[in-house]
Amino acid sequence: MLRSELERFVYEDIGEWDDSSTLVPDIEARAAVVAKEDCVISGLQEAEEISAYFCLDACPLYDEGEFVPKGSEVLSIRGSARKILQAERLILNFLARMSGISTLTRECVLKVAQVAPGVRVAGTRKTTPGFRAYEKRAIFLGGGDPHRFNLSGAVLIKDNHIRLLGLEECIARAKAQASFTKKIEVEVEDLDGMDRAAELGADIIMFDNMDPADIVRGVEILRQRGLRSRVVLEASGGITPGNIEAYASTGIDVISLGWLTRNARWIDLSLEME
Amino acid sequence: MLRSELERFVYEDIGEWDDSSTLVPDIEARAAVVAKEDCVISGLQEAEEISAYFCLDACPLYDEGEFVPKGSEVLSIRGSARKILQAERLILNFLARMSGISTLTRECVLKVAQVAPGVRVAGTRKTTPGFRAYEKRAIFLGGGDPHRFNLSGAVLIKDNHIRLLGLEECIARAKAQASFTKKIEVEVEDLDGMDRAAELGADIIMFDNMDPADIVRGVEILRQRGLRSRVVLEASGGITPGNIEAYASTGIDVISLGWLTRNARWIDLSLEME
Amino acid sequence: MLRSELERFVYEDIGEWDDSSTLVPDIEARAAVVAKEDCVISGLQEAEEISAYFCLDACPLYDEGEFVPKGSEVLSIRGSARKILQAERLILNFLARMSGISTLTRECVLKVAQVAPGVRVAGTRKTTPGFRAYEKRAIFLGGGDPHRFNLSGAVLIKDNHIRLLGLEECIARAKAQASFTKKIEVEVEDLDGMDRAAELGADIIMFDNMDPADIVRGVEILRQRGLRSRVVLEASGGITPGNIEAYASTGIDVISLGWLTRNARWIDLSLEME
Amino acid sequence: MLRSELERFVYEDIGEWDDSSTLVPDIEARAAVVAKEDCVISGLQEAEEISAYFCLDACPLYDEGEFVPKGSEVLSIRGSARKILQAERLILNFLARMSGISTLTRECVLKVAQVAPGVRVAGTRKTTPGFRAYEKRAIFLGGGDPHRFNLSGAVLIKDNHIRLLGLEECIARAKAQASFTKKIEVEVEDLDGMDRAAELGADIIMFDNMDPADIVRGVEILRQRGLRSRVVLEASGGITPGNIEAYASTGIDVISLGWLTRNARWIDLSLEME
Amino acid sequence: MLRSELERFVYEDIGEWDDSSTLVPDIEARAAVVAKEDCVISGLQEAEEISAYFCLDACPLYDEGEFVPKGSEVLSIRGSARKILQAERLILNFLARMSGISTLTRECVLKVAQVAPGVRVAGTRKTTPGFRAYEKRAIFLGGGDPHRFNLSGAVLIKDNHIRLLGLEECIARAKAQASFTKKIEVEVEDLDGMDRAAELGADIIMFDNMDPADIVRGVEILRQRGLRSRVVLEASGGITPGNIEAYASTGIDVISLGWLTRNARWIDLSLEME
Amino acid sequence: MLRSELERFVYEDIGEWDDSSTLVPDIEARAAVVAKEDCVISGLQEAEEISAYFCLDACPLYDEGEFVPKGSEVLSIRGSARKILQAERLILNFLARMSGISTLTRECVLKVAQVAPGVRVAGTRKTTPGFRAYEKRAIFLGGGDPHRFNLSGAVLIKDNHIRLLGLEECIARAKAQASFTKKIEVEVEDLDGMDRAAELGADIIMFDNMDPADIVRGVEILRQRGLRSRVVLEASGGITPGNIEAYASTGIDVISLGWLTRNARWIDLSLEME
C-alpha cells in the first residue's frame, strides 16, 4: 500500500482532532481480532500495514485465503492502547469488506470446481471507487481471477464499441493500435458474433448474457472449426451463485461475475481489548 | 469532490494507457443511464462532476433521494463518444453503490416511520476505506442520519475505553479535554451503565446490543428521573431491517445500524449509447 | 503529522538545492534549543517529528504546556551537523509560533481563572491557512479550548445565516439536516435573539459583541426561566486580554477570542550548536 | 496558487461535511469585505483565486499594496450565498494575515525612507510553516524585499557554519560547490569578521546583532579599502520598528528583520452579506 | 495529463518566486514554436495542455507523428507575454524530448518496413523515471509499439526469474497466478529455451541477445513443428539502428530496442516572440 | 528524495498488480549492478534510497562522480529476490541516465581544464520534465555547475524579455523588483549589448551564440574599462564537445551547454542475480 494512500485512509477515519481515543492512557495492551462468523479471511496483510503505521505489532493467526471458523482469533495486536483504538475501525473495515468478497468468491469457486475443474471464476470492474486494488485482491485470495485491472489492461471490445464502429473495424483498430503485449477480448451477444470474433483472431471471446445452451452450441462450433484451442472463452452477464454451475459446465474457460463485489456481505469481526 | 480525489478515481479505472476507449472515433454521442431495478437514486451529483471532468454534459432526470421505478432513465449524457466510454464505469460504480445504500436506508426509514415517526435511522463508521464521504451521503439522501463522520466528531466512549479506564474517568476526561462544542456519547451494555452515564451528564446514550424490552425499561427509568429530555437515546448493535421496528418503538431517538453499508446490494444500472 | 504534510514543510524551507547546509561536514554534533524569553512552551512534539524526519535524536526537556523561564534549554538535539542546520529553521518556526499562542492563551486562562474558575477560554477559526491544526493545538496546550475545528464541527448559525433565512428557519433546518451527534450553536446580538434561540433548543448560545452588562442580564433571564442548565453560553467578539475578566465574571461558560491567534507574538528561541 | 494547495486550504476550513453553510438556500447574493481599520491591503489576488474556486465573482476595489482607510470596502463578491459562506473565513484569514504583514512592512519602509532613501527593508525565513509564499509576498507588497526564499536561495554562511568549519573554509567551499549563479552572503559578528569576509570575496555581508555605531565604522573601513561598492551590506538581528532608523542611517544597503512576520498583528476585516 | 502532474512539472520549472518572467508587462503577444531541424513532431498535445494551464491559446500546425521540415512553425501561441515566458521552457522540453524519440523511432520503423513490412518496432522500460508515459507515447507516435507499460502489463519471465526458479516452474506459476487476461512472455537465450517455452505455451517468446542467424533457425524450427502461428516472436538485446534490418528479416514479429529512449537526441526547437 | 516522489517513480514502474516479480519465491538473494562500459558513475545515492524503500541493503562500491572501468560492479544489493526484481529497472534507469550525463559532463570538463583551468562547465534548464533535480545533480557530480535551477533562481534577462521591454528597462525592473539576494544575468548577442549590460550593472553577462573571436574581443574591452572583475562572463548557445575548447580559451568564466542533457547517451548497466 502506498504510504500516501494509507495516510488518506487513516485520516478519513481519525480526522483532525481525535478526543475519543486520546482519553485512554498510553499504556501497552493486547487486542484480538475475532471472526464472529465462518469466513475465508483476507486483508490480513493490509491489517499488518495499518498496524505498522501506528507502531503496533500485529501477528496474523491464519494465512490469507484460509477458511476461518466462527469465533476464531485471526489477528493478535500488541502496543499502545490508544493507538489500537485509533487503528481499530480501519483494520476491521479492511478485513470485513475483503473477507466478505473472498468468502463469496470461494463459494463460487467451489461450486464451479465440482462440475468443471479448471474453469476460473473472475471479477469485473464493478468495484468501489478508490478501493479496487483491495477488492480484486480479495477475489484473488478467494481463489478467483481478478480480470483486467482497468481500461489499460487487455483491450475489451464491448457492445457500445461495436455499435459505434462495427466489429471488424474494432478488431482491426485494436490490432493496429494496441501493443502486441495485450490480449484482445470481444464481447458477443450471439453465435454469429462469436463466429466473426473468432475468425478475426480475438484472443478472448466473452459470451455476454447468453443462455448456457447457446454457449454449449458455440463451444461445439469452435471445436469443429479447430478454433477452440486458439481462443479463451468467458461467460458473463446475469451470473449468480445460483446459476453459476450451469455456466461452468458449458465448456468455457472463465466465468466472470460482478456479483462478487456487488453483493458480497461484510464479514462480522470484532476487536477485543484485554 | 476534491479534484485530486476525482483524478485518483479516474486514474484507477483508466490506467496509464487505454486502448479500449480510444478505438472509438471522437464523435458526438448521447448516452442514457438507466435503472434496471426499482431504487432510491443517489450519486447523481458525483456523476455530474465526473462527467464535467471528461467535458461531458450530464443532465439528471431525477432528484437525489427520489424513488426511481425500474427502466427509468436517470441521467442523460452528451459529448465525445470516447469520453463517455472512459467515464462509464466510474459513473455507474458511484450510482450503483450509493443508490444501493440509499435504497436500503429508505426501506429502514419507512419501516421506522410507520411505528415511530421522528425516530432517526443512522449509519456507522463501517464504511469502505476511502469512500466514506459518499457512503454517508448515500445514507443521508436515503433519509438517514450520517452519524459522526470519524473519531474527531462527537466523543464516543465505547466498551474498550471503559474497560481501560472506567466510565467515570472516561466522562471526566472527555469533559475536561474535549471542546465544549462536541457532544459526549456513551455506549452502555445494561441499565446500570445507562444510569451512571445519564447521571454523569452524557449528551447521548447508546444502548449497545440490548433487547428492545430492556431498552423500554431504560427509557422509562430516565423518564421517571426527569432525565429523558436531557439525553438523546440511541440503539445500536445487531439491528437489521428485520428487527428494526421492534427497536423503533422502544421510545428511543435514534437507531444506528452498520447493516446499511455492510449489506447494501448494488443497484443494477446500465449506460446505453445511442 | 502526516508524512506528506511534513515533507511539504521541509521542502518549503530547504528548496530544491541547498548549498548552505551542505558546506558543513557530515559530523556528529549536539545542539540546544534555548528559550530567550519566558514562555509556555508548545510544539515540542512537532519538533521531535521534524527531527526524526532528519534522523536526528531530539530530547525535550520540558512538557508541552509547561512554563519555561528565559534562558532555559527546551530541546536537545543530537545527530549530523548538516541535518541539524537543515532542520533548524523549521523547528524554530514551529516552536516560536506555537509557544507564542500557548503563552498568550495561558495569560488569558490565568486571568479568567482568578475571577471565574471553570470558565473556558477558546479559540476561533481565525488561523493561518494550512497551519490550523498546530495553532489550535497551541491553544489547547496553553489551557484553552480549540473550539470547533472547521465548518463541519458543531453547526454554528451566524449573523449572515440569520439575515438570509431567519433564526427559526435556521434552527429548524439545522435540526432536520445535521446529524444528531452535532451541537447547534446560535450567535445572538441581543437578548431577544437569546430568548428565541434558547426556546428553539440551541445547544450553545454565543453572545456576539455584547456588553458584559447585557450578558449578565441574559444569564439571569435564562436562570429564571429554568433554561440556564440546558444551554452552554459563550461570549465572543471584541474580547482582548484587557477586558477578558469583565466577560469572565458574567456567568457564562466560555469566552472565545480571535486575539489568541491574531495577536500572538512569536517567542524568541535560538538553536545553538556545540 | 497551485490547485492542490488551494484545495488543502479549503478542505482545512470546511472539513468533510458542512452543515452550517448548507442551511442557507442556494440563492444569489452580494457580499462586501470591509477593512475595519486602516491598513495596507494585500492578499486580494489570493482572495480572487479562492472566490474563483467557489465559482464566485470577486472584484477588488483597491490594488494590492495600496493604503486603505478604515471602513472601506476592499472586495466585492457576488454569487451563491452558500458558497460565499463557505469561502468567507478562508478569504478573511488570507487578507487579515497578509495585510497585517504588509501594513507593518510599510510602516518600517516609510521610516527608513525618511532617513535613508534606497535602503531596503527585508524579511527573513521566520515564517509560518506552509504559508511562507504568502507572507513573503505580503512583505513585497508592503514595499519590502522578500530576502532569499529558502536554503536553496543565496548561500548564507551563519555563525553555526563558521563554528563548525571556519570562515575561510566556508567561503572556499561555497565558491567551489555552489553554482556561479548564486550570491554568497556571510553573517559577521564583528569588524574582524567583516574584514575577512570582504577580502574573501563575499557578495553580501550581514552585520548580525551589531551596534549601529560599529556598523558605521565597518562601512567606513570598507570605503577606505575600496571594497564598499563590491559588497552589499545588510544589518540584521534585534531590529524593531523602534530602532530601525538608527540602523538605516549607518550606510548599509539592507535591513532585515524577523519582526515583520513574527509580530505583525492581523488586520480586522469582515464580510457583510447583503 | 493529470492536473496534479502538470502542476508538478510547472512548479519544477518556475519555482516559488519568478522574478524573470514577471519583469515583462502583462500584454498580449504571439509566439511561434519553430523546429530548427527536420523531425517527426510529437508532444503537441502536451504543449496544448501546458498552454491551457497558463490560459494561453495554442494552435498546432502539424499533426503529431507527422514529418516536419527544418524551419517550420509547429505551434502558434497567443496570450499574455508573461505567461508565454513562463510556459516556454516546459513546452520546449516536452516537444524536444518527445520529438527526438519519435524521430528516432520513425527512422527505425522505415528501415524495418523496407525489409519486412508488418514487423513492429517496440520500446522497453528503459525510460526516464517519472516521464515514461510521454516517452512511450513518443514511440507510439513515431510508429512504434510502446511494449508493456510496467511490471503489471504482460507477464515477462526473464533470465533472473529463470535462474531462481527454472523455466517450467515460472510458466506454471504464471499460468496459475496471473489473470487469464494477460499474455505470458518468455525471454530465451538459445534455441533450446525457445523450444521449451513454445511447448509450455508461452504467448510471446523473446530472443534475447541472439544472432540473427540463430533466430532464423529458431523461426524455421517453430514453423516445422506447427507452432509458429501460436506464438509472437520478439527480438531484443543489442539492437541498434545499425543492425535492425538484419533482425527484421529473420521472420520474427517484433523488434524491441532500448536505443529508442536511451540514445535519442533532443530535437532543436525554439520559441520566438513577436 | 521526497517519499511521495519516490512512491510515484516506484508505482510508475510496477503498476497496480505485478505478476512478474511475484512468481519468484521470497528468498534472500544477492545481486550485482555492473557497468558494461567505462563511465563516470552517478545516481548511487538514489539507488540506495530506492533499495531502502524495498527493504534491500545496497552497498555502493564507488563514490559518485568517480570513473568506473567497464565490467566493474558498482553496487551490491542483498535482500528478497522478489524485491530485487521489483527495484531492478528503476535503479538501472536512474544510474544509466544520470551516469550518462555525468560521463559527458566530465568529458567536457576535462577538455576545458586542459586549455583553461578554472572555467566552469554548466548545464541549462533543458531537462526532462519531472527529472531535473537528478539531471542537474548528475552534471554536478560530473564536475559541472548546475546553473540556476528554475525561473526563481538568478534573474535571467533573455532575448524575448529585451524584445518586449528594452534592456535598460529590464535591468531597472530586475533591480527594483528582485530581491537583493539574487544575481542579475543578461543574455547579449553582440558587443554593444555587452557594453550596455556591463554599464547597467549586470552581475553576469551571457554571450549567446557568439563567435569565440567576438567573445575574445568583448573580454578585452571589459578589461580595458576596468569592468572585467565586476562581472561573471558566460558563453552559451551552439556549444558542443567539439567546439568547447575554442570557447574555453576566450577568457570567460563559464560555458553552459544544453548538450549535456540533450545528447547524453545512457550508460549500459545490468543487474545480475546470484
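Of note:
Note that the chains take the letters A, B, C, D, E and F in the order they are written out, and that residue 1 is the start of every chain.
Here is the rule we use: a residue touches a chain if its C-beta (ideal position, glycine included) is under 8 Å from a C-beta of that chain, and two chains touch if they have at least 3 such contacts.
Note that this is a predicted model, so its numbers are computed, not measured.
Under the touch definition stated at the top, subunit A and subunit D share these contacting partners: B, C, E, F.
When the C-beta contacts at A-B and at D-E are tallied, the pair with the greater total is A-B. Interface equivalence for B-E, evaluated over C-D, D-E or E-F, points to D-E, where over half of the contact pairs coincide by residue number.
Annotation: 32 Å between the Cα-based centres of subunit D and subunit F. Look at where the CA atoms of subunit A average out and do the same for subunit F: the two points lie 46 Å apart. Of all residues in subunit C, those that touch two or more other chains are 3-4, 15-17, 133, 146, 149-150, 152-153, 179, 182. Those residues of subunit D that touch subunit E in the shared complex are 2-4, 133, 136, 146, 149-150. Taken together, the subunit E residues at the contact with subunit F in this complex read 5, 8-9, 12-25, 27, 29, 81, 85-86, 88-90, 92-94, 96-97, 125-134, 149-153, 155-157, 160-161, 163-165, 170, 173-174, 177-179, 182, 258, 261-263, 265-266, 271-273. Note for the complex: subunit B touches subunit C at residues 120, 122, 145-149, 152-154, 179-183, 185, 204, 230, 232, 234, 253-254.
Residues of subunit E that touch subunit D in their complex: 3-4, 7, 11, 16-17.
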